[in-house]
Structure formats: C-alpha cells, structure tokens
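Structure below; questions to follow.
All chains are identified by letter, namely A, B and C, in their written order; residue positions are counted from 1 within each chain.
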C-alpha cells in the first residue's frame, strides 16, 4: 500500500479505533462504579451502557436525530453484555483502584472523540455554534453524570474541581472554526479531538485545578 | 355467546384487564415508596405516575413515537390522581409491608405484559431484534429505576440480586421468534408475557438469585 | 405614545420582562443549591441551566417540539455562563440564606409564567386539556426536581408540603377555559399567570400547607 493510499485508511479506521477506546473506557468506568457499589449483573450492564451511550443518546434526543449509535452499531450491545459477564467472572476488588487509575488515559481519548464528534453532529443538524459546542460537551459528559446519579452520588463532574468539561468546551470551538472555514470534516474533528486529549493529559500530569468557590 | 366467538373477546379484553393490573401494581409500588419517604401529595402523584408510565414513555421517546399511552388513554391520569388521594385518606403505616408483599404477584403480571408489549411495539417500529428486546426490558423496568433514583435510593433493580430484568430479557425473545415466524400478534405477545410471568413467579416462590459479584 | 398604542407594547415586552424574572430566579435557585453543596464551576453551570431550562426542555421533548427555547434564544446560554462566573467571583456563604428568602417572590413569577405558558404551548400542539395542564405543571416544576436529584436530595417539591405544583395545576385550567372560549392568547395566559402568582404569594404569606400524610 502506498503512503498516499494509507491516509484514507487511517482516517476511516483511526476514528473507529479511537472511538472504540473511548467507548470501552467509558463502559469500564461505569463497571468500576458498579463494582464499588456491589451492584448485581443487571446494575453492571445498566451502568456500563448508560456511561458509554448515555451522552450520545441524550444528544440525539435533543437534536431529534435517529437512529442512535447503538442501534446503528448493534454489536456494541453484545460487547457491553460480554464485558459485564467477563467482569462478573474475573474482576476482583484489588483490580478496582488500579483499573480506575489506568482508565484515566483512554478516558481522555473518549473525552476528545465524543465532544468533538458531538459538536460536528450538532453542526450538521444546523445548530448554531454555541449550541453545537454545548451538545458536544453533553455528549462527552452526560453519561458520567447519569452514572453517578443512578448510584446516588453527587456527579464527580460537578464537584471534583478537575478541568474536564471546561477543556471539552474549549476544544469544541476548533470544530466550529473548521466548519466555518470549510475544512474537511476529518481535519477539524481530528484537530479538535487531539487538542482536547492533549489538554486533558496535561491537566492530569500537571495537576491543573478549577478555580475554587469561596463559599 | 358461543365458545368460538369468545376468543376475540378474551383477546381484546383480557389484554386490557392484564394491562390494568400491571399499571395499578406499578403505581402502588410508587405510592408505597412515597409513603415510606413521607412524601406529600405531589410527591405521591409523581412517584405513582413515573413508576407506571415512565418505562413506556422512555421507550416512546427513544422510538420517536407519539402519542404516549397516557395521552391516548387520558382516564389513567385521573385514576392515578384518585388513587393518590385515596391513599392519602386511607393508607396507614401498618398497610405498607402487607401491601408490598401482596404487590409481588400483580407486579409479575406488569413485568410480563410491559416487556412483551414493549418488544412488540419496537418491532413494529422496525427495530432490529436485540434493540426490540432491550426496549421491552426498559419499558418494564425504567419506571422502577426512576422511582428509586427520585427518592435517592440505589435502584433495587441494580442491587437486589433478584432475577427480574434478566427474566424479561429472556422472555422477550419469544416475541421476536413469533414475529419472524409470522404468528398472530396476540399469540406471540401472550406466550411471551405468560412465560415471563411464570418465570417471575417461580423466581419468587423458589428463591432464585442472580450470580453474586465477588468483589 | 398614546394609551391605546401602549397596550401591545406592554403585552409584547411585559411577557419578556416577566419571563426573564422567572428564568433568572430559577437559575439562582440552582446556583444557591450548587453553592450549598460546594460544587465547582461546571456543577454551578449545570445546576443553573437545568433548573431554568429543564422543565421547558422536557415539555418540548414530550411534545416532540423543536427548537428549544434556549436554542431560539441563544443569549440565555451566555447569560447563564456569565451569572455563574459572577457568582463564583462575588457570592459568599453569608449571601445564601438571604438570597434564598429573597428569591421566593421572583420564583412565584416563574411558577405562574412557566406553567401558564407550558399549558398554552401544549394546547397549540393539540394536546387534550388534562394533558396540557400536566405539561404546564411539568414545565414549571421539573427543573427544580432535576436540580435536587442531581445533588442527591429528595426533591423539595415532593416532600415540603408547601402548595406549589398544586397551585400551578389549579391555575392552568384558566388557560384551558380561555382557549375553549376563544379569548386572545395573551388574555388567558395573563389571567392564568397572575392567578397562580397571587395564589403562590398568598400561600407564602399565609403559611398554607398541603394535607399531611398520616403514615
């Protein structure tokens, strides 16, 4: 395969690979929380599914857009079911903290991919820029909010003072700029996602914090 | 009335009767939880309404389907209001445990009717089989999940290790099989519902448990 | 400007002014709850946005109606962001109780405007009267319910025995009556809103209570 013919292959398959990494890490964060709360198999499946697909599903409901990602890509339903049964068989308490720390890196990929992708989908549905950016952020963060609320915890997103939604909000504007300058979709999407992922990794490594509320 | 002319009558009215038993038992489970938490009249109405109609409403939003059941069958809104006012006047703490235990049986009917019915509605909306089954299960269980989350309890569905959603998931495939074999709707619906109800009653009587998470 | 030409001006702008008072007071109630729970900037924005726009957004999803209010009136997104940044800079713990008490009055305006407006929008979408009234009440109260559930509190609406949703439910019927008698929209809307606001202020001043549950 020549170098020039590899680019489209990379564009097409790179996004699938990154998307899968994002979905799996979101699903695992649901599973870990389910294990902490000692939920049963049904609770595990619901937590994993809502954490990975909740954000995109909410975005599509708000945009009145069908079919949902998990209806178009049915195999993900089976992947989530298999993952939960596997976790039930093989996961132990001593894996939890380790897995959660290891998850930070693929989770950063999920944050970048889902927020940039959500923004682009909202622009394609003719939403104005600020709404598209809000939709992008919701796509990336709503699953985690629903995960926490379902097990009766204040959402980590709301309270941990870590830069997360704020980074997605910043980076989603790259998609908007790219769209207004008529860049090819994969360029603005890729730049925005990479920028958000880089910001998120910097935030983790350098210990960035949101400004503290003085109440 | 001859025996042969009674069959359509039974099919038409039997489903209405079973549906009513299901709705009322779901509404009562919302009311009982509201009473436990000492909610006021508004909280009671919201808990009863969300528990009985939350699942079907979520399914219809996901399928982009209107009108909702409670918009087509307005009288149910008045039934729920009347039930709550009646409970406010006549229900006492000593009724709660008894009512909850007595509710297990009609609740099993609700589980069968709502999950089989939800699956069929999703198939009619051209959903693929696995999605239709997921929609069926959500129809039957989402109301109870929302009921628990609204009063800040981890959903019983997620944590009590009782076979409930899993039984619905199993039995909903009968609707899918019946649909692919072109059985009349009421046959596949009836078989699936009866199978789920029988499984659920067995689970209660024989004390079946979901496999335990070893964390 | 003559007196007769002022009426249309008042009708057009009066509703914008009242609507703004309602939205801002709902947003502030989200902010106050966020401050109590020591949420960060992201939590503040989500709480303020969901409290003010959650009810109308749910109504529009149920009615399958687009665009949402906050998509049609984009500037509100910036107002909410600005409000939260301002609160982060200037709000202190000693402001909270005072602000909450002061908020009761504009909140009554929000209750009247949102429930009457929601009822009218549902009637325009050809909903039957009882459904339109339910939609009106949901428009006014769902934001506050979601606000409380997101920070893991039983919704005040469900448990404080204050007449709030019940007053909205009563007053929304004025919109239904006006609609059936072909009154101009602004007349039935205005009468209903004013009636609900007056009821709510009476309830606060006179200490009205919902009947107590005897469990």
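Following the convention adopted for this analysis, contacts are C-beta pairs under 8 Å (C-beta built on N, C-alpha and C of every residue); 3 or more make two chains touch, one makes a residue touch a chain.
In this text, all values refer to a predicted model and were calculated from it rather than measured experimentally.
**Q** Indicate which of the five shapes (line, ring, star, complete, other) describes how the chains touch one another.
**A** complete
**Q** Have a look at where subunit A meets subunit B and say same if over half of the interface residue numbers show up on both copies, different if under half do.
**A** At the contact between subunit A and subunit B, which are copies of one sequence, the residues are largely different (under half shared).
**Q** Could you grab the centroid distance between subunit A and subunit B? Build each centroid from C-alpha atoms only and quote it in angstrom.
**A** The mean C-alpha positions of subunit A and subunit B differ by 32 Å.
**Q** Where in subunit B do residues touch at least two different other chains?
**A** 61, 64, 149, 152
**Q** Which residues of subunit C touch subunit B in their complex?
**A** It is residues 61-62, 64, 127-128, 130-131, 134, 145, 149, 152-155, 157-161, 164-166, 210-215 of subunit C that touch subunit B.
**Q** What residues on subunit A touch subunit B, complex-wise?
**A** 34-44, 46-47, 57, 61, 64, 66, 68, 70-71, 74, 77-78, 88, 91-93, 96, 149-152
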